[in-house]
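Next come two complexes, and both contain chain A; in the first it sits with chain B, in the second with chain C.
Let's look at the complex of A and B:
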C-alpha cells in the first residue's frame, strides 16, 4: 500500500453542543472498498464530508491525497467522486443535458462508461430531471460521480432507493471500478447485507468515535458466535467472561453470545455452566452489534 | 473452475477460496501446471472483492501451492502428496464439527456416529 488516500489525526467536529466526531485518528489506503458503518447519527456523513473538505475540523487535522482538506485544489478534487444522500441537479435539464454540462468540467470524462452506466442502471438520457423518481435521481448521481474515473469515490447510502436488481448490478460494477481505476471506494450504508457483498475493509463509527478499523475477513476470524444451551442448571443473567464481547440474547435455558475467538476457551465454558455450546461463524449482520456496542478492554 | 463463495456465511471469503483451491488440488481436479483464473476474471465471475482474491492467492503462494510469476497467469505447483492429505483431512474435520456438536446434544456416542457416517458413505458408493 502506498501513501494514505485520506488521513486524520485527532479530528473532532462540533455543531454547537453536539460532538459529531470525537478525536478521529484514521488512515485509509487503497485500492480498496471500505464499508463505513455505524448507527444513525454515528458521524458517517460528517466524516465523508470532511474527506472532501465540505466540512472542516473543529480540532485536529484531515488530509486527502496528502493535502489538508482546507486547501484541496482542482488537482485533488478532480480525482474525487461523491454520491450524497440528497443529490441536487438542474430540474429543467434532461439527464443527457445534465451529464454534458458536468462533463465539461472534467477532461477525463469517459463517455463509454457513461453509456454503459446508463444502460446498467436503466436510465433514459432523454428524461427530464424534475420528472425523475427518487431512485432515478440516485442513479443519476451514481453516473455523475463515476464518469470522470475518480480514484477516490465516496458513496453516502448510495443504494437505499435502488431496487434489488439494479442494486446488485451497481455493487458488481464497483468491483470493476476498484480494479480498472485502482480506486478507493468508501461506502456508507445501513444495508449490511449489501456492504458485505463488496467490501474488503470496515471502518465502524459509534457516537463520533472510530470503534473498529480492520479487514472484514479479519473481523470474521476475530469473533465467533456461541449458541449455548443449558443441560442441568439455569444460565446466569449475564456472562462476565472477558471473551464475551456481546450478549445477543440470554435467557435461563439458552444464550447467544459474540465471543472473541482468541481469548475463548469453549471447553472450560462448557464445564463451568454445564451447557452445550455450538460454535458458529458470524456474518456482518451478526458482528455489527458487537462492533458498535461491544465490551472493550 | 467450480468455486462457490458465500460472502454472507460468516466464514471469511478468502478462507473459503483458499479451502476450495486446496481441495481442488488435493483431489486432483486441478493439477500441477494448470493455470488459475486472474484476479479480475474471478472477481467478475464470483462477484468477489479483488483484494480478497489477492489475499487468498498470496496465502496459497506462501504455502507453496501456487507459483506467481510477474505478468503470467498463476499456476499450480507440483504437489507434495503429504500436503494434499493434510489439507483433505483438515477440510473434512472442519465440516464434521457441527455434526459432532449435534451428536453430543442428541447423546449419540462416537461409535454410533461413526457407524451412521459409514452407512452414508457406503450408500453413496452403491
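Let's look at the complex of A and C:
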C-alpha cells in the first residue's frame, strides 16, 4: 500500500460521558477495499465522519490526504465520495436535476459513468426524489458518490436497503472502481457475506477501539474453525484452552470453536477431550465474533 | 460549467409563490400609501415607515432563503461537496444585495425619497435579510427568534431616531450585523449541526421556535406528566382500573413526543418569551392607555396564536397500534389542549398587566377577550395548515403553501375583526359572550367533523414517512 489516505493518532471522540472513539491509531492506504466492521455503536460511523471532518476529534489527530480533517478544502473533498446510512437529498428535485446540481461542483464528473450506474442500479432519472423508496434513495447516493471518480470512497451501510440482485451488481462495480480509479474504498456493513466478496483489508472496531487491522487473507490464516464431536464422554460447558478465541456453539456432544491457528494443537485437544475435531476454514461471518470479543488469552 | 448553489434552491414553485406573496405584500401597501400619504409628510415618520417596512420585507425574505439553505444543509451531500458552502455564501451575498436594493429602493422611493435614505435602507434591508437567514439556519436561531422579534416590535421608532441622530454609526452597526449573520449562517458549525441533526423539516414547521421549544422544555422537566405517562405509549388495551378519559389523557401527553434531555437548556426560551411578552404589553399599555390594549391584542395575539398552534410533526404516532377512533379522540383532545394552553398563557397576562398599568376600562378588557376568542375560533384551522393530523407529509407543496397563507391571514384578521367590527354587530356584553361561545363550540364541532372524515378515509401508514 502507498501513502496513507487517512491516518489517525490517538483519535478520541466523546459525546458527553459516552466515548465513541478511544485513542484510535489507524492508517488507511490504497488502492484497496477496506471493510470497517464492528457491532452496533462500535464507532464505525463516527470514524467515517471524522475522515471527512464532519465530526472533530476530542483528542488526538486525524488527517485525510495529509491534511488535518478540520481544514479539508476543495482539493481534498473533490477526491472523496460518501454514501451515508440514511442519505438525504432535495426531495423536490428529480434524480437528473439532483445529479446536475451536484455535478457542477466537481472538476471531473463522468457522465458516462453516471448513465452506466443509473442503468446498473435501475434508476429512472425523471423520478422525483421524494417519491423514491428507501432503497432507491440509497442507489441515488451511490451514483452521486461515484460519478466524480473519487479516490477515497466511504460507504456507510451502502447495501443494507438494496435487493440481492442490485447488491451483487454494485459490489462487482466496486471492484471495477478500485481498478479504474485506483481508489480506496472503506465500506462499513453488517452484511458480512457480501462484504467478504470484495474487501481485502479489515479494520474491526469494538467499543470505540480498533481491535483488528489486518489483511483479510491474513485473518483467515490466523483463525480457523474446529467442529468438535464428542466420542465417549460429554464436552465441557466451556473450553479453557488459550487458543480458543470464540465458542460459536457448545453443547454436551458437539461444539464449534474459532481458534487461533498459531497456538492451536489439534492432537492434544483431541486427546484431552476424547473428541473428533474437523478443521475448517473460516469466512468473515464466522470470524466476526472472534474479532470483536475474542481476545481471550 | 459554473456551479449554481443557491438559485436552484430558490427558483422553484415554492420560491416563486413566496416571491409573489412578497411582491403583493410590498406593492399593495406601497400603492395604498402613495395615495394616502399627504403631499408633505413628516420626514421622520416617512423614514420610520420606510425603514420598518424594508426591514420586515427583508426579514421575511431571509426566512425563506434560510429555510431553503437549511434544507440543503441537511442533505447528505452538503458537507462533502467541494466549495458548496462557499458558493452558497457568495450567491447569497450577491442575491441578497440585489433583493435588498430592490426592496429598499421601492420602499424608500415611495415613502422617503433621497439617495441617503435609499443607501441606509439598503444596508438595513441587507442586515434584516441576513438576520432572517441566520435565524432559520443557525442552531441558536430558534432561541433568538422570539426575543429579537419582541425587541424589534418594542423598539418601534427608536431605530429611526438613531438613524437620524447618527446615520453613519447606525449604518456601520447594520453592516456588522449583516456580516456576523452571514458568517454564522454559512459557517462550518451550522452545516455540521444541520447534517448531524437529521433530515430536512417542512418549511412551515420546525425552523421557528416558540411552542415547540416550550413543549420541549416542559416535557424535559422531571415533573412533566409525559414522564409518568410514557409507559402508556403504544398501548392499545386499557390496563385494569384505568378510565377511558385517563387513557386518552395519557396518550395525548405521550403523543407530544419523547423527552430530549439535550434541549433542557431551552428553558431560557420560555423565560425570555414571557419576559418579552410582559415588557411589550406593559410598554404599549402604559404608553397609550386604553388604545394600547387593542394594539397589544392585534400585534401579540396572532403571534402567540401562531406559535402555539403549529402542529407538532410526530410521525411515530402513526405507527402506534391505535384504532382510527382512538386517533380521532387523541388528536382532537390534543388540539383542544393546545387551544386551552394558548388561552391560559395569554388571557391572564393581559388582564394582570392591564390592571397593573391602571387599565380599568372594561371595554378594553372586553376587546382583549374578544381578540383571544377570535384566535380561539380560527385555532383549529392551524391544525390543518401544516399537514395532516397524524403529521408527516402534508401533500403538495402548493396546497400546503395556500393553507399556510390562508391560516396566517385568518390569524391576523381574526383579532382585529373581533375588536373593531364585532362590537358594532352585537353591542351587549352578554350577547357578545353568547355569540363567541357558540362560535368557539361550532369551530370545535367542525374540527371534530373534519378529523372524523379524515380518519375514516385516509391511509394513515402512507403519511407516516
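General observations
Basically, the second predicted complex is superposed on the first by the 295 of 297 C-alpha atoms of A that agree within 3 Å, B and C clash if a C-alpha of one lies under 4 Å from a C-alpha of the other, contacts with A are read in each partner's own complex, and residues count from 1 in each chain.
Please note the rule applied: a residue touches a chain if its C-beta (ideal position, glycine included) is under 8 Å from a C-beta of that chain, and two chains touch if they have at least 3 such contacts.
All figures in this text were calculated on a predicted structure; none of them were measured in a lab.
Contact with chain C, but none with chain B, is seen for A:91 once the two complexes are overlaid on the shared chain. Contacts of A:262 after superposition on the shared chain: neither chain B nor chain C is touched.
In the superposed model, A:242 lies in contact with neither chain B nor chain C. Legend: residue contacts after superposition of the two complexes on their common chain; A:104 is shown touching chain C, with no touch to chain B.
In the superposed model, A:279 lies in contact with chain B only, and not with chain C.
Of the two partner chains, chain C is the only one that A:144 touches; chain B does not reach it. Chain A uses no single residue to touch chain B in one structure and chain C in the other. Contacts from chain B toward chain A in the complex involve residues 7-15, 39-40, 43-44, 47-52, 55, 97-98, 101, 104-105. Residues 52-55, 73-75, 77-78, 80-84, 86-93, 97, 101-106, 141, 144 of chain A are the ones that touch chain C when the two sit in their complex. Across the interface of their complex, chain A is touched by residues 1-5, 8-9, 12, 14, 71-72, 74-77, 79-84, 87, 192, 195-196, 199-200, 397 of chain C.
Across the interface of their complex, chain B is touched by residues 31-33, 171-172, 175-176, 178-179, 193, 196-201, 216-218, 220-221, 225, 229, 276-286 of chain A.
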